[in-house]
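Chain IDs A, B, C and D follow the sequence of writing; residue 1 opens each chain.
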Amino acid sequence: MIIVLKPDTTREQMDHIIEKLTGLGLKAHVSAGTERTVIGAIGDERILRTIPLEAFPGVEKVLPILKPFKLASRDFKQENSVIRIGGAEIGGRKLVVMAGPCAVESREQLLEIAGEVKGAGAAFIRGGAFKPRTSPYSFQGLEEEGLKYLAEARQKTGLPVVTEVMDPRDIELIVKYADVLQIGARNMQNFRLLKEVGTYRKPVLLKRGISATIKEWLMSAEYIMSEGNHDVILCERGIRTYETETRNTLDLSAVPVLKQLTHLPVIVDPSHAVGKWELVPPMARAAVAAGADGLLIEVHSNPEEALCDGEQSLKPKMFRQLMSEMRVIAQAVGRDL
Amino acid sequence: MIIVLKPDTTREQMDHIIEKLTGLGLKAHVSAGTERTVIGAIGDERILRTIPLEAFPGVEKVLPILKPFKLASRDFKQENSVIRIGGAEIGGRKLVVMAGPCAVESREQLLEIAGEVKGAGAAFIRGGAFKPRTSPYSFQGLEEEGLKYLAEARQKTGLPVVTEVMDPRDIELIVKYADVLQIGARNMQNFRLLKEVGTYRKPVLLKRGISATIKEWLMSAEYIMSEGNHDVILCERGIRTYETETRNTLDLSAVPVLKQLTHLPVIVDPSHAVGKWELVPPMARAAVAAGADGLLIEVHSNPEEALCDGEQSLKPKMFRQLMSEMRVIAQAVGRDL
Amino acid sequence: MIIVLKPDTTREQMDHIIEKLTGLGLKAHVSAGTERTVIGAIGDERILRTIPLEAFPGVEKVLPILKPFKLASRDFKQENSVIRIGGAEIGGRKLVVMAGPCAVESREQLLEIAGEVKGAGAAFIRGGAFKPRTSPYSFQGLEEEGLKYLAEARQKTGLPVVTEVMDPRDIELIVKYADVLQIGARNMQNFRLLKEVGTYRKPVLLKRGISATIKEWLMSAEYIMSEGNHDVILCERGIRTYETETRNTLDLSAVPVLKQLTHLPVIVDPSHAVGKWELVPPMARAAVAAGADGLLIEVHSNPEEALCDGEQSLKPKMFRQLMSEMRVIAQAVGRDL
Amino acid sequence: MIIVLKPDTTREQMDHIIEKLTGLGLKAHVSAGTERTVIGAIGDERILRTIPLEAFPGVEKVLPILKPFKLASRDFKQENSVIRIGGAEIGGRKLVVMAGPCAVESREQLLEIAGEVKGAGAAFIRGGAFKPRTSPYSFQGLEEEGLKYLAEARQKTGLPVVTEVMDPRDIELIVKYADVLQIGARNMQNFRLLKEVGTYRKPVLLKRGISATIKEWLMSAEYIMSEGNHDVILCERGIRTYETETRNTLDLSAVPVLKQLTHLPVIVDPSHAVGKWELVPPMARAAVAAGADGLLIEVHSNPEEALCDGEQSLKPKMFRQLMSEMRVIAQAVGRDL
């Protein structure tokens, strides 16, 4: 941590700061420059993060040296984490595609789509039984009934199930049916929920918050990991910007940035990012080229009748075609699909 | 709802859309322009919001006419809602100031600050017992112990208590001690939590999400109201932008915009918005001038030792001075404080 | 154009609006819904864009039906525009890569880099002779001397030259040396400059403004085209968001969005978007996969000594490798490089 | 400047960086922490800003200590700059209001409005003769004819004239008529234009770019000042965010932030920020309460017929009322109007 002092900071103010640092077991390294004096705090700077140094008289600003996350960082673990679920591996050479409807709407709907995505080569079936919806008047999910259909789809297709958890009170129930617990964008900083899923031995798919920085996102992964669950999969799903032609702005550069900062696998959800089905295939292809470890794609047999996100869902035929396009690009970047 | 068709939409595609509308009990009003044909859907457009019209072949875009919220809208209720809590009124002629520390840290700390803010003219004591923190390694709050100190502070000062709810499992406990339930920015779209507080008869202070649009914010108020609890207080607390000189960007224009759109009271939290105590007073004054119904301000007797947000907390003396400055501005805009 | 009236709009106010419309040669089509009355204006809605309809009493909001741009739109021209420069074609099946240093620094520097990028398969040499720099104390470019070196590089390598125009007073000079005139992000809405380059018969590479919407960007293309110059190449170069891990956020979804809205070719500049050389290759590959017609990439033989943007420049060896990676992806999406 | 090294940086890499620093006349101060080694560069860090240190092998990141601007900073000049124009002073105890139409449309229009705003207490008449418009098909201004009307309005009312410069080729003409040269938001980083107005002895009103950081804005002021013209007035006019209820988001906290960073006067343009006339008065009042030195407000006698920005223009009667409201708030914060 570097503490930059104001030009008019007094000797007493500086001593007061140094005293604070040494009281915390850190060493203070003072360096007088031509226009500013700075104090370097030597030791574990994470201790200092909880101290409001900018509230100390004489402090102009504070510059952290280290990242605030630890367990999630490449410094902590150099090699890529590979998460094994059933026969599948996330974070290895082979890309994984998780596909299915936004919401589980009925047994027929889900089983049909599950069969389709399995046939096209998807590795996971996804579908929401508990749905976070902007409006209280929208369809909120089939709840346990939906979970049962997901389990049945897994039984029929062999595909492990990804489904969302919105409320700590539902986890007990959901873990009975799901293989991967999804934390949605709106809950990325629902810290109690993060802690709770951290106490289970189920992989967690952690979506990026709608305006979360990459650092905040990794701090949310840290919340889960600090409870003991290290199987976290990060999912970029578009961020909020001023542009309105797409539902969100897909931040694909987050993929290589994360590959530098963390050992955790990174997948991409182009469907929520763009919000229109015609734009999903080019962005899915781009995600593969950018180095993603997998994709999360919305597929629906009859988008016009979908109870959720119909406008961004691919029909099965288009999904099959996209799978084969992604396969070629995966090979071009030294991966398989 | 106005449905704009693509230039090459076929007769069959158009008929298919009209059929859908009439099947939902709406009337379709076709209007052929020089470059585009549009279909006006006459009837309750809220039905249509759940239909993915953009997934229908031939649809270029869909333009809603009405706001998506109902109970929260000025259309639904013309006069301002005034919320009564103990002797205080929020949304009336008199502004209310809610003040106190970010977190309840100890009995002594809280009682001292409560006495100070009471003396300066605050109408509510605020303080967090359950704290949402970006890092799992930061202080997470005293939980029930903190709630007890808040109740004691109320007893000593007569000030009603505002405190945050983060988890539906804690509400039962918190309502025993609190007068106003605060929903924090990170939980503005924690829909299960919103529904849950909607079933209690306690006023809810709903902070704007860190990148929530005003429409989304009112939809979150609608979630609470649709469960029966109409006592919602909106709190602008800064939004995320690219600017880094302040912690967030205080969107004061949200105040007059909300006054047009909704009957609910609107207060402003300048402390979280700016993130630096020196900037709090000018923005608090500006909030009063912009027409806010109240303020939420962080006050701490010893910011250097604060376990949370010390850098943005006012010391009691400065808070007293700010109160008297705000009083003059309140009068200048025809209000009291 | 759809004009939505307020619930309490009077008959007189509505008549006044209709009168305005008919006075402009448009037909007014009134449609009374259950909660709002709307007026559809039939005719060329572009006339209406210059009328402040929201200033008319009784108007709640105005919803445009058409895009504001015309010459740049797919409605106006269905097939892709292909721009021919020397032997190269931009917008055809073959992707083009424009590469070179941020700034022309010396004759030796430029000729060396030009040779390298030519050898790697680039189709254009780029380099700035007039440089827009955030600080007045930074290197501002070699001006005409730099243009001469660019011309010499073209002579030696056969590569046409792309270089930036910042000031209408320089165009006369620059067109003597350049093959493509670049308008930088900061000048995307320098309307006088746009008009001026619109009067020349030189292709214009129009970078997206740092916070420009896709609509505004196409309106800037329209400025150039409305003066007679239809050879506009759009260049996505990252937009400003709250994320700070990258210099800007590359909005790759702009590529397929533009392919729907316009017939103009679209290229991508990953170097300015990410701001760090290690992140350039994955994003360049992703741009190809997303359907871009070409790339603009910064290459420097000695980035440590670069006078501009050294941290985001690729060394020639890395650029060669990237070219061969992009070639494979181009083929995977049915293109050549 | 603090240079943070990667954990695996070699001795040779570190020596190479130190050599670079000492070669530039700086001293290198190495400090080995527990997890990272940092190098402090002692001396004038502005020299280093032009060196791409992040392109050096072994460098993880670079943290500047000083602000990049100098002439514009409070470090350079402690007391507030007060700019004198005719009888008016900007930056003193008395607030100034600049008012008038968006565009000069005709002699009658301008003279009428000028009389009105003078009567209400405005200190300057504003109006555009050269107009930057998003669409090439919109009204582009009366050019010299408009300037003549402005000069006539000054003669009749005694109010000095503020008008926009878009193109360096027009300055010679405009300075003959104008008292203050306005640089619009879209030209805030038109560096050639900034330099050019820097060579004149006319005060410059520099609007914040639509997505400019406060630092970038002050760097643009620095461009003007570095050419010798120190009479720069900063004008906050709203920034681009994701919120669409207002045209832009007025960043009022920029006012107190600027008061810390710079000695230059700061005014606020609520009209462009909010984009709707009903929202102008509360935000104008808030700007005064936040400590602005003045306001720029659009006034039009007949907004329905305005050729530009009618929807955000106040009618003279409303402007008069706003002036008296602002006067009371000015007094409440120890200023006059």
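The rule is simple: a contact is a pair of C-beta atoms (placed from the backbone, for glycine too) under 8 Å apart; a residue touches a chain by one contact, two chains touch by 3 or more.
From a predicted model like this one, the values you see are computed outputs, not experimental measurements.
Enquirer: Show me the overlap between the contact partners of chain A and those of chain B.
Expert: In this structure, the chains that contact chain B and also chain A are C, D.
Enquirer: Quick one: which chain's Cα centre is the longest way from chain A's?
Expert: The chain farthest from chain A, judged by C-alpha centres, is D.
Enquirer: Look at the interfaces C-D and A-D and say which one is made up of more C-beta pairs in contact.
Expert: Counting C-beta pairs in contact, C-D comes out ahead.
Enquirer: Which whole number of Å gives the spacing of the CA centres of chain A and chain C?
Expert: Inter-chain centre distance comes to 31 Å.
Enquirer: So the centre of each chain is just the mean of its C-alpha atoms; given that, what is the distance between chain A and chain D in Å?
Expert: 39
Enquirer: Can you check how far apart chain C and chain D are, centre to centre, with Cα atoms defining each centre and the answer in Å?
Expert: About 26 Å, centre to centre.
Enquirer: What parts of chain B, by residue number, touch at least two of the other chains?
Expert: Only 211, 240-242, 244 qualify.
Enquirer: Where on chain B is chain C touching in the complex?
Expert: 2, 4, 7, 29, 31-36, 38, 40, 42-45, 63, 65-66, 75, 240-242, 244
Enquirer: Would you mind writing out the residues of chain D in touch with chain C in their complex?
Expert: Residue list for chain D touching chain C: 20, 46, 49-50, 52-56, 68, 132-139, 166-169, 186-187, 189-193, 195, 210-211, 216, 219, 222-223, 226-227, 240, 276-277, 303-304, 306-307, 309-311, 313.
Enquirer: State the interface residues of chain D toward chain B in the complex, per the touch definition above.
Expert: Listed in rising order, the residues of chain D that touch chain B are 211, 213-215, 239, 241-246, 249-257, 260, 273-274, 278-279, 282-283, 285-291, 325, 328-329, 331-333.
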